[in-house]
C-alpha cells in the first residue's frame, strides 16, 4: 500500500515537473523576436553564428525536444551572457551559499515562530501575548526588503555590530538570516497562536487535565503535537517564500548566492539562466513538498499513505 | 399564607404565546455588531479609507508632479517645501509617495478583482458540478499549488513588456487559486443545504441556483480572502519593483520608491522612511481589518457552557 | 461523610458580552455507591456544575463560588490548580460527551491509557508492574476484545462506542471514588448507548464508586439513577428520588419534559413552548415563567426559593395545581383557574372587603374574564 502511494506521488511530481519545464520553455519562446533582440545591432554574420550555436533557427519543437533531452540529463544548457559557463556551473557555485541562508532562516523561522506562538497562546491577553501578537502582526505587514534595510541601518551603520555585505562566516549570516526569516517567523507565530488557542479548547485537553496531568505535561504531551500540524503543512509554501525572499536578501546583502544571480540575470535578460534557475527552483520546491507529504503521516496518524477514499 | 392577586394565572391557561412581548431579550450580537465592537478592525478600515483618500486627493495638495526633476534640490531632507524631502534627482518625495499610493493600491484592488472573477467562477463551477469535473479542475489547482508561483509571475513579467498592465495580468492569473479553493469548498457544503435541495427539487435552473442561492452565501469567505489577496498583491508588486520588474520610470510605486530609498540608505536614510511607512501602515490596516472581519464572520471565541 | 457535598455553587463566566451567571445556587449531595442524575436542556448549566467538581473551569474567564464544596472527603472550597490536580484522576474522574473529540487524535490508545496508569502509580507511590498488561486488563474490563491490538491503534481507527469504552477505561485507570459522566451516550447510537450504560452501572457496583451522570434524556436518567435533579437556567428547580420525580413531577418544567416524551400511545408530540432563556438577560421572577403554562402573576415578579426540593410558586398556591400530566391537563387547568380565582375573590372580600370584580384577573392575556369567575 505504502509502495503504491509513494509511486503515485512520484509520478505526480514527475508530471508537475514536466508541466513546469514546458510552460517555462513556452514562456521564454513567447518573447517577441527572441532572446537576442535587445542586443545592440549585431553584425548579421555574428548574429547568425550565435543563432547557429544556440540552435535558435531550429523549429520550436526541435528546440523543445533538445532542451527536454538535456534537462532530463540534468543539463540546463549554457549561459547566453557569460560565455563558456553553463547554468549548471552557476547553480553549483552559488547554490550552496543560498542553501545555508535558506536553511538558517528556515530553522530560525520555525523554532522562533512556534515558540512565540505557543508562548502567547498559553498566556492570552497578557503583556507577553500583546508583545508577540503586535510583533508578529507588524512582521507580516512589513516587506522583507524594508526589514532588511532597517537591520542594515541600525545594526550595520548606526551600531556597526554585524557586517552588512558578503558571506564569509557566521557573523555575516546573522543579518541576512534575520531578514529572511522574520516574515515567515511572524506568520508561523500567528498560525501557531491561533491553532494553539483552538487546541487548548479541545475536549482531549480537558480529558488530559481531568486525568490529573500537570499543566506542563498537558501542553507538552497533548497540545503541542496537535498545534504544530498546520505549521508542517505550511513548510511547503515556506520553502517557496524563503526562495523568493532570498532574491531580495541576497541582493541587499550582496551575498553571492543563486538568488542574486537570478536577479542579475533578470536585469541582463540572460534567458537560459532564468529558464534553468526557474526549473531548478521549481524542482526544489516540488521535491520539498513531496518530502513533507511523505513525512506527514508519521506525525499525524489520521493521514495515511493509503488511497484517499472519495467522500 | 394570604392569597392575593399574585397567585392568579399570568395568562390564559395552556398558552405560552406572546412570550417575547412580555420579556425583553437583549439582541444577540451579529457579524456587523461584532465588527463594530472590534476597535482594531475599525481602525484598520479607517487606515485603508485614509490611504484611498490620500491616493485620490493627495497629489493635488502639492505644486510638484511625480516626474518634475530639479537637480539643484536633490537629496534634500524633509522641509516645508518638500514634506518628505527629495530624491537623488530632486523629485518631491511626498508627491511620489502619494502618487505611488495610487499605483500600489490600484495594483492591489485590480489584481484582487481579477482573482475574484477567475476564482469564483472556477471554484463555483468545480464545486457545483462535482464528480469528475470537480476532481479534474481541482487536481489542476493542486498542481499549480505545488509550484512556486512567484517565479512564474517573474517569468511573465520578463516576457511581457514591463508596465502596469503586465503587473495586473501576471498577478491576476497567478493568484486566483486560494479563492477557487475556498469558493469550491463552500459551494460543496452549500450543495447539501436544505434550501438548495429544495430549489433543485422545484426545478430551478442550475445557473440560477448557483448565482442566486449559493454564491450570495459565499460572500463571507470571499471577503475574507479578498482582505488577504489585496495586501498580497501589493506586496508582490513591491517585490517585483525591487528586483527591477515593476512599473517603468518615472512612474513609481511604493516598491520602487522603497528600492530607491534602500540604495541611498547610508547617506540619505530619510528617503526610505516615507515609502516604507506607507507600505507598512497600509499592510497593518489590511491585517487588522482582515483579522477583525474573520472574527466577526466566523466567530469561534464564544464561551461554551 | 458524603462523597460530594456542594452548597450554593455559583459560577460566573466573564465573556466579551459581559458577565453571565451560568450556575446559580446549586447544592448537591452524593453518597458512595449512589447514582445522581442531572437533567436539563443544553445550556442550563449542568456541565458547568459538574466541571466545578473537578476544578476544570478555566480560571481566567470564570469565577466559582460555593458556601461548601467537598469532594471525596477533601474540602476543595479554596483549592488552587495544583490541589485540584492531585484530586483529579485519583479521586474524581470524568467521562466526556463526545468520544470522537475526547481522545487525543495523534496519540495511540495505549499511550493515553498508560499515561493515566503511570500517573496513578506515581501518586500513590506503588511500584509499576507491567503497565501494558494493566492497560490491556482495563480494556478488557470495559468490554473491549482483543485489547493488545487495540492498544496500538489510534482513536480514529475505533468506532464511537469503542472509543467511549476507552475513555471510561482511562477514567478507571486512576481508581477514582467518584465518576462524572457528562452526557456519556449522547453521541452514540441507541444500541451502543444501552451497552455503555450497562457497563457504567456494573462498574459502579464492582468498583463501589459514586456516579453523577448528566443527560438531557430522561430515559437514561430513569434507567441509571437513584436520585435526580432537574436544572433550568442555572438553577435546580426540582430534586428527589427518581421514582418520586418521575412518578409525581411537581415542577411544570419537569411535567413538560415528561409530557414531551413520546410513548407507544402518543399520537401527537407535545413540546414545551418557547425558547430556553438567554442567560444574558433572564426574565424577571422565575426563569421558567415565560414558558410555563401555569405561570401566575407572582412568577413574573419574584424568584421562588428551593423549598422541599422544589423551586416553584405553585407550592405556595392554596389550591394544588392539577397533579397529572395526562392529556386532560388543559381542562383541569381551566377548572383550577376558575377555582383559584373564586378562592381569591372570597379571601379578598372577607379580609379587605373589596368588591369581587376589583380582584378579578385583568389584562388581555387572561381570557378567564370577570364574568366567568363571578359566576362560578
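The first chain written gets the first letter, and so on, giving A, B and C; residue counts start at 1 in each chain.
Rule of thumb we're sticking to: a contact is a pair of C-beta atoms (placed from the backbone, for glycine too) under 8 Å apart; a residue touches a chain by one contact, two chains touch by 3 or more.
Here's who's who by UniProt: A = Oligopeptide transport system permease protein OppB; B = Oligopeptide transport system permease protein OppC; C = Oligopeptide transport ATP-binding protein OppD.
Predicted, not measured: the structure shown is a model, and the values here were computed from it.
Visitor: Please find which chain has its CA centre nearest to the centre of all protein CA atoms in view.
Guide: Chain nearest the overall C-alpha centroid, as shown: B.
Visitor: Which one of the chains is farthest from chain A, going by Cα centres?
Guide: So the farthest one, by centre of C-alpha atoms, is C.
Visitor: Compute the distance, rounded to whole Å, between the mean C-alpha positions of chain A and chain C.
Guide: About 55 Å separates the centre of chain A from that of chain C.
Visitor: Just how far, in Å, is the C-alpha centre of chain B from the one of chain A?
Guide: 24
Visitor: Starting from the mean Cα coordinates of chain B and chain C, work out the distance between those two points in Å.
Guide: Measuring from centre to centre gives 47 Å for this pair.
Visitor: Which chain B residues touch at least two other chains?
Guide: none
Visitor: What part of chain C is in contact with chain B in the complex they form?
Guide: Spelled out, the residues of chain C in touch with chain B are 13, 15-17, 22, 42-43, 45, 47-48, 61, 272-275, 278, 280-281, 283-284, 289-301, 313, 316-318, 329-330, 333-334, 336-337, 340-341, 343-344, 347-348, 351, 359, 361, 365-368.
Visitor: Which stretch or stretches of chain A touch chain C in the complex?
Guide: So the residues of chain A in touch with chain C come to 124-125, 202-204, 206-215, 221-222, 225-226, 229, 299-302.
Visitor: Within their complex, state which residues of chain C touch chain A.
Guide: It comes out as residues 54, 56, 60, 81, 85-90, 93-94, 96-98, 101-108, 115-116, 119, 123, 154, 156, 167, 170-171, 174.
Visitor: Which of the residues in chain B come into contact with chain C in the complex?
Guide: So the residues of chain B in touch with chain C come to 1-19, 22-26, 28-29, 37, 301-303, 305.
Visitor: Touching residues of chain B toward chain A in the complex: what are they?
Guide: 143, 146-152, 154-156, 158-159, 231, 235, 238-239, 242-245, 255, 258-259, 261-262, 265-266, 269, 272, 276, 279-280, 283-284, 286-288, 291, 300, 304
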